[in-house]
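Right, I'll just put the structure down here and ask away after.
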Amino acid sequence: MIIVMRRNATEEEIQHMIAEVENAGLKPTTLRGTERTVIAAIGDERKAGDLRKLESAPGVDNVMPVLAPYKLASIESHPERSVITAGSFTIGGKHIGMMAGPCSVESEEQIVATAKAVKAAGATALRGGAFKPRTSPYSFQGLKEEGLKMLAAAREETGLAVVTEVVASEDVDLVSEYAEVLQIGARNMQNYRLLEACGRSHRAVLLKRGPSATVDELLLAAEYILDGGNPNVMLCERGIRTFEAHTRFTLPLATVAWLQARTHLPVVIDPSHGTGHTTLVPSMAKAAIAAGADGIIVEVHPDPEHAKSDGFQTLDCEAFAQMMADCRRVAEAVDRTM
Amino acid sequence: MIIVMRRNATEEEIQHMIAEVENAGLKPTTLRGTERTVIAAIGDERKAGDLRKLESAPGVDNVMPVLAPYKLASIESHPERSVITAGSFTIGGKHIGMMAGPCSVESEEQIVATAKAVKAAGATALRGGAFKPRTSPYSFQGLKEEGLKMLAAAREETGLAVVTEVVASEDVDLVSEYAEVLQIGARNMQNYRLLEACGRSHRAVLLKRGPSATVDELLLAAEYILDGGNPNVMLCERGIRTFEAHTRFTLPLATVAWLQARTHLPVVIDPSHGTGHTTLVPSMAKAAIAAGADGIIVEVHPDPEHAKSDGFQTLDCEAFAQMMADCRRVAEAVDRTM
Amino acid sequence: MIIVMRRNATEEEIQHMIAEVENAGLKPTTLRGTERTVIAAIGDERKAGDLRKLESAPGVDNVMPVLAPYKLASIESHPERSVITAGSFTIGGKHIGMMAGPCSVESEEQIVATAKAVKAAGATALRGGAFKPRTSPYSFQGLKEEGLKMLAAAREETGLAVVTEVVASEDVDLVSEYAEVLQIGARNMQNYRLLEACGRSHRAVLLKRGPSATVDELLLAAEYILDGGNPNVMLCERGIRTFEAHTRFTLPLATVAWLQARTHLPVVIDPSHGTGHTTLVPSMAKAAIAAGADGIIVEVHPDPEHAKSDGFQTLDCEAFAQMMADCRRVAEAVDRTM
Amino acid sequence: MIIVMRRNATEEEIQHMIAEVENAGLKPTTLRGTERTVIAAIGDERKAGDLRKLESAPGVDNVMPVLAPYKLASIESHPERSVITAGSFTIGGKHIGMMAGPCSVESEEQIVATAKAVKAAGATALRGGAFKPRTSPYSFQGLKEEGLKMLAAAREETGLAVVTEVVASEDVDLVSEYAEVLQIGARNMQNYRLLEACGRSHRAVLLKRGPSATVDELLLAAEYILDGGNPNVMLCERGIRTFEAHTRFTLPLATVAWLQARTHLPVVIDPSHGTGHTTLVPSMAKAAIAAGADGIIVEVHPDPEHAKSDGFQTLDCEAFAQMMADCRRVAEAVDRTM
C-alpha cells in the first residue's frame, strides 16, 4: 500500500501515519520527495483490513493499494488455468464450451425442440431460465420448479448439461437437483448470501459480471464462492453499462485477455446480453472466440418474435446453426476446438 | 408504442407487424412517411408484455415505448407527493428528513455515542449497518443480530428511529423487529425476492439506486414493493458508476427534480457514497437540499480513521454538526425545514 | 512515481527498471515486499516525460504517478483563489458571476431584448454564440462576425460584458475585438492550437470541460493557456457523458469542491447543458451555488420554443428572473453574493 | 418525429403542437391513446431543423426523432459498401487494410526501420505522428514538418502509403503534400473547421471516434467531410470512455456490425488506444477481424520502452509480426484477406 501525503503535511501527521501503518501490521518505509512525502506499507495488505479509511486522517492525500484484493481466484495461487467439467459440458484448455438455449423455459415442447436444435448445431450445454429476475413486476416471472422439470426432460432427450439461473440462497438445493451448472445473474453478482450458498454447492457456477462491476469486484465475488469450498467457477462477461445507447450494454472483449492473465478461472462471453440485438450476436460471438474466450453463452429460441422474454436479442435455430459453423472456423484459426 | 420499420420493409412485413400489434391487444395506426413506415400501437402497452421482442421480426428497425413502465410509483396514479413517518422520523412535504450514523455498528458504546451526537446536531433518524454486504469476503461482515440489539439500545437512549440494511428476504422479519426503516442497498436494488419480502412488511423502506440502474429501473424496483402492498417507499440516489475516478461514484443531483416530476415517493440523497471522500460530503449535502431533496443520509462516526468500514467517506461528529448548521440555512433558503 | 513489478519478476528485470528510473533523472528506492517488489521513483516526474511507457518493459505490472501532472493551475503554485474581472463581470471570492443569454445570436432585436432581460434579473455578463459548432452540418451554424456585432450592440445598450465562443485559433483576434470573455466549448477542450492562441490573448477565457475529459485533463487544458501567458482562466463543468439517458449529460457537482481544493481558478457550472431540459435547470442552478460554484452560465431566450438551437434546455426571461431570485437566497445561505 | 404529450396536456396545448409541426413543414397525425396523446410528424425531419426544441413547449413530455440524422454517410444513400484506395493501401470489400507504425515520428532512422519491419510483416500503410496533440503542454509535441519529411523518406524506402494526423485546418495542405491518408484524431472529431478543410482535400481521411461521441455523432462528423465533397472517409473506433479502469478506453467491437448495417464507409479498429496495454493488443486485433472490421491501425515501435509517446500500448516489431501471422489466420476464417 502506498500512502501519498499532502504537500503541506506536517511532520506530526507523517509520524501519525507511520504509526497507523505499524498498527495495521505492515512495515512502513518513508520516502521524502521534493514535493511530497510518500509512505510505502510493506506486507499483506489484505490482512490489514481496508486501509483506504486512512484517507480520512489529517495530511493524507490518497491511499493506493498495491496487491490485488483477491487470492484464491488469482493465477498466482493456481498457475494452471482451470478446466471445468459438468455432465456433457467441458470448458477450459483447448476446448471452448458452447451454451445455448432460450432466455425463459416456456413449455416442454419449446425447451426440448430448442435442446435438439442447439445440440445438432454443436452446443454442449442447454441454457434456459426457470426462475426469472425481471425488471418489471408485471413481466413473466418464469415457470419456477415446473420449468426445472422441463429442463430435466430436455436433458433426458439430448444428454445436454443444463445451465439455469438461481436467484436466492434458499433455492440452491432445489436448482442443484435439476441443473449441472448454477447461473448467478448479473443483478445478483453481489448477492453475498447467494454466493455463499453456491460456495457450499457441489455444482459448477457460472458467475455473471454486474453491468457496473469492476473486474476486481467480479473476482472478489468469485472469491466468495471459492472461499466457500467450491472451486468450479466460470466468469461471464455480459456487457457493462456505458453511454452507448445503440447496444443494450457495451461488451468489452479486452476483459478476456486481462482476466486470463490474472485468474485461472475460465472466461465466458455472452454476446446476447452484451449487444441486445439479434443482428449483432454472431459478429460478437466470433470476436469473442478470436479474443480467446473459453466459452460462449447465447440465447436461442425456435420463434424469437414470440419469446416470453429477450426476443430482441435471441437467435432462431437456423441462425444459431450458421453462427456455430462460422465460430468453428474462427476457433480453428486460434487453435481451439468447439 | 411506436414501431419504426426499415426503409426497405416490404408490404408483407408491414402487414405482419400490424397483425402482431393487434394480437397484443393494441390498436395499430399506420403512418407512411416519405422514407419509412411507422406503426403506432395505441393502448396500455404495459399489459401487452415486452413488445421489444418485435425488434427481431423481419423489416423492423426499432421499437420505442411511449408510456412509463411503472404505474403505482407514478405521480399520475398519486398526484399528492407522499409523506412518510416512521417513529421519530418524517420525510416529505416541507420537512427534510436527516438520517445519520456509522456505516457499521461496531459496539454499543460506538453506536450510542454516535446516536447522541447526531441527535444533538438535529438528525431525526439513526443509520447503522448490522448486516453488511462487503465486496471482499475478507472484510468485516457486520455484527448481525448483535448489531441490531445495539441499534435498539441507541434508540432507547435517544428516541431516534433506526434505519438499517436488510440483505436477504429471510431476514426481513428479524430486522423489522428492531428497525423503523428497512434499507435496501444498491447491490440489492434488483434482488426481487428481497423486494417482494419488503413489500409484505409494515416497515418503511429506503430503496437505494444501483450504481448502473436507470431511473426507470429504480422506479420499477419500487413498484415491486408498492405492488406487494407497502406504500412507504423512499428512493435514494447514492451515485452512479461513470468514468470519473476522483470520486467513488458520480452523484447526479438532477435526478431529484426529474424524479419529483414523475413519482410521488420521497427522494433521498446519500452524499457519502455519492462522493466517497469525507471532504466532499458537506458541499454535496448542501447542494442536495438546494436541489430539492426530501432527505439526506450521511455516514458519521466518532473516529472515522478507525472505522471498520467506509472511514474514507465518513464525517466525525464535529464535522457533522457543522454540516447540519450549514444545511439548515440552505433549507430555509428553499423554504424547507430540517 | 511508483512502479509495481509482477510477482515473478526476475532480479534482472528489477535491476533494469532501477536503471531506467535513474536514466529518467529520478532517484529509485527499491521496496521488496512479501509478494512483490515496488520501485519508488523520487523527484519531479513531470520533467521525466511520460514514464507510463515503462509498463511495456519486461516484469512490470503497472506504473502509478504520484504528483499531479499540472503545475500553474495548481493551488500549490498559487495558494490564493483567483478573482477574475472582465468588464462588468467579476468572478471569484465572495462574488458569484452570473452569465446568461441565448445559445445562438439570431438577430439584434433578439440579443438586445435578452440582454436587457437578463441584466434586469441580475446577470453580470451576456452569453451568446456567433460561431456555432454544430453536431450536424445541416444545422444552423451561427451568424459569425455579424453575430459578434450584434453582441457588441447589446453591450452598448446594457453595459454587460460579452461571453462568446471561439472555435478556431485563426478567429481569436477577431472575437477578442468584440468579447470580454472567450469561451472554449466542450468539443474544443483539447484543441491545443486554439488553447495556445487563447494563451496569447489578453481576454479572459471560459474553458468548458469535455464530456469525457477527466478533471486532470481539464486542468492540463487550462495549463496550456496559463503556460501561454494568460492567467485569466475559468473552468466550466457542463456535464459528462454517462449511461443516464433522461438527462442530456450528467452534471457532477462534486467537481466543484474537488477542483477548489486543487486549483485556484474559478469554477463555473452550466446547468443548461448539464441537464438538457428546461425544467431541470433552476434546481441545478441552486444546487451549484449551494455546492460552492463561483459562477453560473445559463441559456435564456425570449421564446425558447422557436430558438434556433438548444430550445429544449433554455429558460424564457420570466423563468430566468424567478431562478435568479431563488439563487440569490441560496447564495446568501452560503455567505456569497450575486 | 414522434411528439409525446403529457398525460394532462390540454386541448389547446395539443392544437398548438399540431400547428408547430405544420409550421416546420411536416404533416401531423394525432393519435389519442387511453393515457396520452401522441403527435406523429411525417416528412423529412432533417430539413425541419432541430425539433427537440419543441420539448420546451407547454404540455410536451418528449420528442423522439424517427429518421437517422445523417444522409450521405448512410447505406441507404449508397447501398454498395465503399472501397478506398490511397497509394499502396486499399480498404473495403474482401481486403482488410493494415496500418502500423509508431505513435510519434522520432527520427528518420526510427521511422524507416519501423516501416521496413511493418512492411515485411504485411502492413500496407505506415502510421506515424508528426503533429502530436498531447494532453500535457509539457509532453513531446512532435517533429512537425520535419517529421512529415521523415515519413516521406520512409515511403521512398518501402513504398508504403503514409497515414498521419492533421490537427488544424491551416495544416491540411501541408500534410496533404506528404501523406496519402489524413488522420483526424479522437480529440478533433468535432473540430468542424478541420472537418470542413478535410472535406475540401483530395486525400483519404481516417476519422477517429471521440471517446464520448455517440455513433450518430461520428456519422455526422463524417457527414461534414462527405458534404464538403470528399467521399473517401474511413471511420475508426478506438474506444470509448467508461468506468472500466483496467483498460485505457473500452473498445466496443459491436460498433463494427452496427456501423456496417448503416453506413457504406469502411470501419477501422484501433486496438492500441482501445486497450492501452501492449499485452491486450493482439487479442483485440484478432477479435476486431473476426467481428468484421475492414481495417486495423496499430502502434509499433522498435523499442516501445523508450518511445517518446504511448510506449505502454505499443508492440515491438517482433510482436507485431506474430500478431500479423495470427490475424491472417483469423481473416481467412471469416473469408477476408490481408
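By written order: A, B, C and D. Residues from 1 in each chain.
Here, contacts are C-beta pairs under 8 Å (C-beta built on N, C-alpha and C of every residue); 3 or more make two chains touch, one makes a residue touch a chain.
Bear in mind that the values here come from a model prediction, so they are computed numbers and not experimental data.
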Joint neighbours of chain D and chain C, given as chain labels: A, B
C-D, A-C or A-D - pair sharing over half of the B-D contact pairs: A-C
Centre distance in Å when chain B and chain C are each reduced to the mean of their C-alpha atoms: 31
Approximate Å spacing (C-alpha centroids) for the pair chain A, chain C: 38
Whole-Å gap separating chain A and chain B, where each centre is the average of the chain's CA atoms: 25
Residue list for chain D, restricted to those that touch at least two other chains: 212, 240-243, 245, 277
Touching residues on chain D, where the partner in the complex is chain B: 2, 4, 7, 29, 31-36, 38, 40, 42-44, 64, 66-67, 76, 241-243, 245
Residue ranges of chain C in contact with chain B within the complex: 212, 214-215, 240, 242-247, 250-254, 256-258, 261, 274-275, 277, 279-280, 283-284, 286-292, 326, 329-330, 332-334
List of chain D residues in touch with chain C within their complex: 20, 46-47, 49-50, 52-57, 63, 69-70, 133-140, 167-170, 187-188, 190-193, 210-212, 217, 220, 223-224, 227, 240-241, 277-278, 304-314
